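Two complexes come next, and they have one chain in common, subunit A, joined by subunit B in the first and subunit C in the second.
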Partner chain A sequence: MLAYGGKILRINLSKGKITTENLSEDLIKNYVGGRGFAARLLYDELKPGVDPLSPDNKLLIASGPLSGLFVPGAGKTTFASKSPATGSYGDSNVGGMLAPEIKYAGYDVIILEGKAVQPSYIYIENDKVEIRDAKKYWGRGAITTEKMLKEDLGEQFQIATIGPAGEKLVKFACISHDFGRQAGRTGVGTVMGSKNIKAIAIRGTRSLKMKDPKLLKKLSSDIIAIGQKHPNTKLFIEQGTASVTNWSNEQGAFPTRNFQSGYFEDHKKISGDVMIKETIVTNKACFGCPMACGKYAKTRKNNRDYYVEGPEYETAAMIGGDCAIGNIHDLTYANWLCDELGVDTISGGSVIAFAMECYEKGIITDKDTGGVKLKFGDIDSFEKILRQIVNREGIGDLLAEGVRVAAAKLGQNSGKFAMEVKGLEISGYESRKAPAMLLSYMTCDIGGHHNRAWAITHDIAVGRDKIEGKAPKVIELQHQRPIFDMLGCCRLQWVELETPLDYYSQVLTAATGIKFTLDDLIKASERVWNLTRLFLIRESKDFSRKVDYPPARFYEEKVQTGPTKDSMATKEQVNQLLDEYYEFRGWDKDGRPKAEKLKELGL
Partner chain B sequence: MKLVADSKKCTGCRLCMSVCSLVHFDEANPKKAALYIDAKFPEPGTFHTRICDQCGTCASVCPEEAITKRDEDGVYIINAEKCTGCGECVEACPLNVMFVHEDSSVPIKCDLCKECIPVCSTKVLSLKEIKAEVKSKK
Partner chain C sequence: MKIKLGGYGVLKNYVGPAENGREIDIAESKPIKDIIKEMNIPDGMVMLISVNDEQKNFDYLPQEGDDIKLIPPISGG
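What follows is the complex of A and B.
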């Protein structure tokens, strides 16, 4: 199995049983790797209706066929499970060095199933796989745990760990890796915590062999040389994704005060150029990445230095804008808090912004918060509420369930501004005047996430009021972008450096010796998209197009300030977007894949 | 000639290590590279690029005379047929850049193929004359 690790490592935590299985050629050809493998295996292995936090759920850690090879950005790992946020297929990917290490140890996918009897961590060194006691690390922060494990095992071990939020089953707990990278979304850290697993430590020393290493070397060297000359290489090495902050505000797309506005008046105080002056210590890349978007930063508070990678754009948007934290040092500290406690900054920011608005409106009071005056822009009350969430104290216990559950309990029409789709909090783009982006959030298979189809640039290019014709572009992106999650490779070289997509099919063919065309990859991606839709349908009680509706704020309330002031989508437009989308997808009026479509995809 | 590194510019991407193993072994395995990146995290958050400066200590301690200086550029090369894998050079290397891997008893040492230089987008690595450096050390 050239270029692949070749094996699935299955760890049954309840029985303490560790086994391996060979990858099947059918799985490779139809699902490629990474997210593709995860979706297929979870669909096949999970019984319908399993509780996401029960031992019956599984956590999959998947590399891709390009992970660990001499390919730019080939360091992406997918974590996948049935999501405690959405109750359907969920995944989240992380950069860093993990996927290559999984491959060098000889695996493509690690499956954690069952539940360990006591807090444990997984130790993997090539064939040596053990479930070890983790008492020493339980209760510790994610950054602290990674540091301790590297000291205990050796710095060559790659670590993926949860923080206290994952242990306490906060529904938006992340998995942290490489001192600043997170698989943040869909509660993958929550599932890991539910299995009593604190961390995975892995070291692999084996080589990956390729069909035509010389061709791969040439293809990648050429692509790297072209990419180095692209102006965005310099921009991303200097500012990373924080370079998007100013632009997003100019477009009125920056979520502000729980999406009441699309423009944050203090955005220039938290942008990438401020980070260069104030906080950045070093530029930090994931494996094989020539554009090093990670900004490793330092801030000082209460006579202590705090080191953290970030804030990334999404953190700037969801804690900076959405909670109105308009000071780079406060924001960097908030980022550190979330990373150490093991909280997704996107959902975490959204949940606290929601709580801030509830407090402002009197839906949450001092009685609920234990006297904390929860205010937009106030880092101290942000920290207090975040700690209540992680400790599941007071109102924090409810907020730890995410905005959908919290709004259902709090009532008073708070569901209107619970900014989620399918139970997953929406990430950093105000979308009332960006129908393609709105549709992208509505239809994203894991819930309100941007990365499946970052379509806002398309709205800007072809007209932000235009509804018709947006669906085909969203679908095109939803097929292209997840290819990277299947390959185990970062998409930013394609998005920002214009690396042609057929480079990836060429390099995959050179590596594996299996003929993959770009069309094959797009078809596989569409297959996975339909499979995760079938997963959602299987898990839904009363399935209808309503699962794809955005929060009512987007179609009942106008944007309050900034360049998109007074804009609003309508319910009719929402339905129009869905009609067009379902038609182009070959789905019925409720959003179910039609039999012909499933047949075409071999499902 | 030898490699020099401006570690302050290093982002820790390991493309240098990646291409090194690919060129020398036709394999993807940064643990079979002739250079290494030391990452110091979470504090102080720095990378250090560890590279061979062709000082020749390895050759001077080799009991088999398996490491010799290449005339044209002064680079020390291991003769794999003569090497017994005794590990003397690995022990003696002052920069810890004689790398050992389970696949072979012969250590992995920089042969100055220069492939690592162009793949680095922050231009950490460059070439320098050996003579000039020896003088400045004194």
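What follows is the complex of A and C.
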């Protein structure tokens, strides 16, 4: 089993039982690794209908076959579970150094099942695996906990930890790693908290064997050389993903004031070039990456320095634009708050933006907020409500459930502007005048997230009002982009620096000695996509195409200001997009994979 | 006046690859945004413009011999 760790590490927290299993060749050939392994194992091992926050749910931490090898950015780790946000398959990945360490310790996947009797952390040093007492760390911030564990165990341990939000089962709690990177989405941190696990500390000292290390080195050197020649390398090193903030506003695609608009008038105060002047201290890279896109920043508030990695574009969009925080220092501080408290900045921003709009409309009042005047653009009330959420106090207790549940409870038509799909808050692109991007959000298998198919440039290229013909591109991206989440390495070298995609099948073959073509990888990715759809169908009571509908704001309300002012999708267009999408996917009119499609994929 | 023009990513479809910029002849200097329009590149497809490896804005007036590269938007995470 070349290039793989070769083993699944299973930790039953209820019984304190630790076992290992060998990886099967069938799993490797059909599901490759990372997200592929996670989806298959969760589908097979979870009983239908389990409560995501019960001991019956499982949290999987998966590396990929390229993780830890001499491949640029080979440090991506997937966290996966049945999501408390969507009630279906959920995953989220994080860069940094964790996946390589998992491999060096001899594993590909770590499965946490059951629930620890008391706050605990997982200690892994090669074969030595222990469930240790975490009283000392419980209640502490995520950044603080990582620092404490590194001091206690040694700098060489890689740490993944939750903050207080995960402990309090806030539905959009993240898992943090490497002082500022997060597996932010789908509530993976909530599931970790529900298992009484504060952190995972891992150290591995084994080496990984490859089939043809010379060829792998040559291919990887080519990937690096291609990237070094591309101007986006410089751009990413200077500004990271925040370099797209201005462009997104110029396109009217920047979520603003809870997606009431697609243009934030203060965007130039929070963009990447402002970060260069005001906040960036140094650059940070993941394992083996020559393009350090992480921006380590500093701000100062109340006579204290705060260090944080970010804000990334998504944070700028969802807290900057969506909550209208138009000052880079306030935004950096808000980013630090979310990171330390262990809150996903995308869902966290969306939830607070939703609450701000509810307050503006009188749906939430001073009585609910304990007197906090919750206003767009006001960092102090943002902080107060965020802390109420994390402490589950007052209205925060309801908001901690996410916008779907909060809107259902608050009523008064607030569901219309609860900006989620399948229960997961939508990330940072206003999509009323970008049907392919809208379809990406509608059909993303983990809920409203952009990373599976970033299709807005396709809308721009072929026409932003055009509906027909958008589905095939979205599907193509939904198969290509998640390949990297299966391989356990960063996709930016491909998607931003133009490394041809088939390099990665060659690298994988050189590493494992198993012949993988690009078509094999795309097929595996399609297999996973259909499997996560089956998961959703299995978990849905009255499954229909409605699961793929966007929030009503997108088809009942026009964009208020900016370049996309007055644009709006219609319900008919939403259905038209889905009709085409289902047809190209080989799904029926309700969005169920047809028998022949499942057969074709070996499902 | 002769300039070299090429693009990255999807912009290759409109102006050819940046590594091998194609030479074009323009009668008189005009803002680069006008040239982008003439190439039928949709609004919003160009995020950045590099001229002789320096970033310029859309109002830049090309000079004889400029090597102009058009860069599409990045995906923001």
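FYI, the second predicted complex is superposed on the first by the 603 of 603 C-alpha atoms of A that agree within 3 Å, B and C clash if a C-alpha of one lies under 4 Å from a C-alpha of the other, contacts with A are read in each partner's own complex, and residues count from 1 in each chain.
Please note the rule applied: a residue touches a chain if its C-beta (ideal position, glycine included) is under 8 Å from a C-beta of that chain, and two chains touch if they have at least 3 such contacts.
The model shown is predicted, which means the values in this text are computed figures rather than measured ones.
Residue contacts after overlaying the shared chain place A:Trp247 against subunit C, while subunit B stays out of touching range. In the superposed model, A:Glu155 makes contact with subunit B only, not with subunit C. Of the two partner chains, subunit C is the only one touched by A:Trp454; subunit B is not.
When the two complexes are overlaid on their common chain A, residue A:Leu508 makes contact with neither subunit B nor subunit C. By the touch criterion stated above, A:Leu23 is placed in contact with neither subunit B nor subunit C. Of the two partner chains, subunit B is the only one that A:Leu208 touches; subunit C does not reach it.
Greater residue coverage of subunit A by touch, when subunit B is weighed against subunit C, goes to B.
In the superposed model, A:Pro231 lies in contact with subunit C only, and not with subunit B. Taken together, the two structures place no residue of subunit A in contact with subunit B in one case and with subunit C in the other. Contacts from subunit A toward subunit C in the complex involve residues 229-232, 235-236, 241, 243-245, 247-248, 250-251, 312-314, 317, 428-429, 450-451, 454, 457, 460-461, 463, 495-496, 498.
Within the complex, the subunit B residues that touch subunit A are 11-15, 18-19, 21-23, 25-32, 39, 41-47, 101-103, 118-119, 121-122.
Taken together, the subunit A residues at the contact with subunit B in this complex read 3, 68-70, 72, 97, 100, 104, 143, 146-147, 155-156, 178-179, 205-210, 213-214, 216-217, 221, 224-225, 227-228, 233, 237, 281-292, 294, 296, 298, 305, 307. Chain contact summary for the complex, subunit C toward subunit A: residues 8-10, 19, 42-45, 47-48, 50, 69, 71-77.
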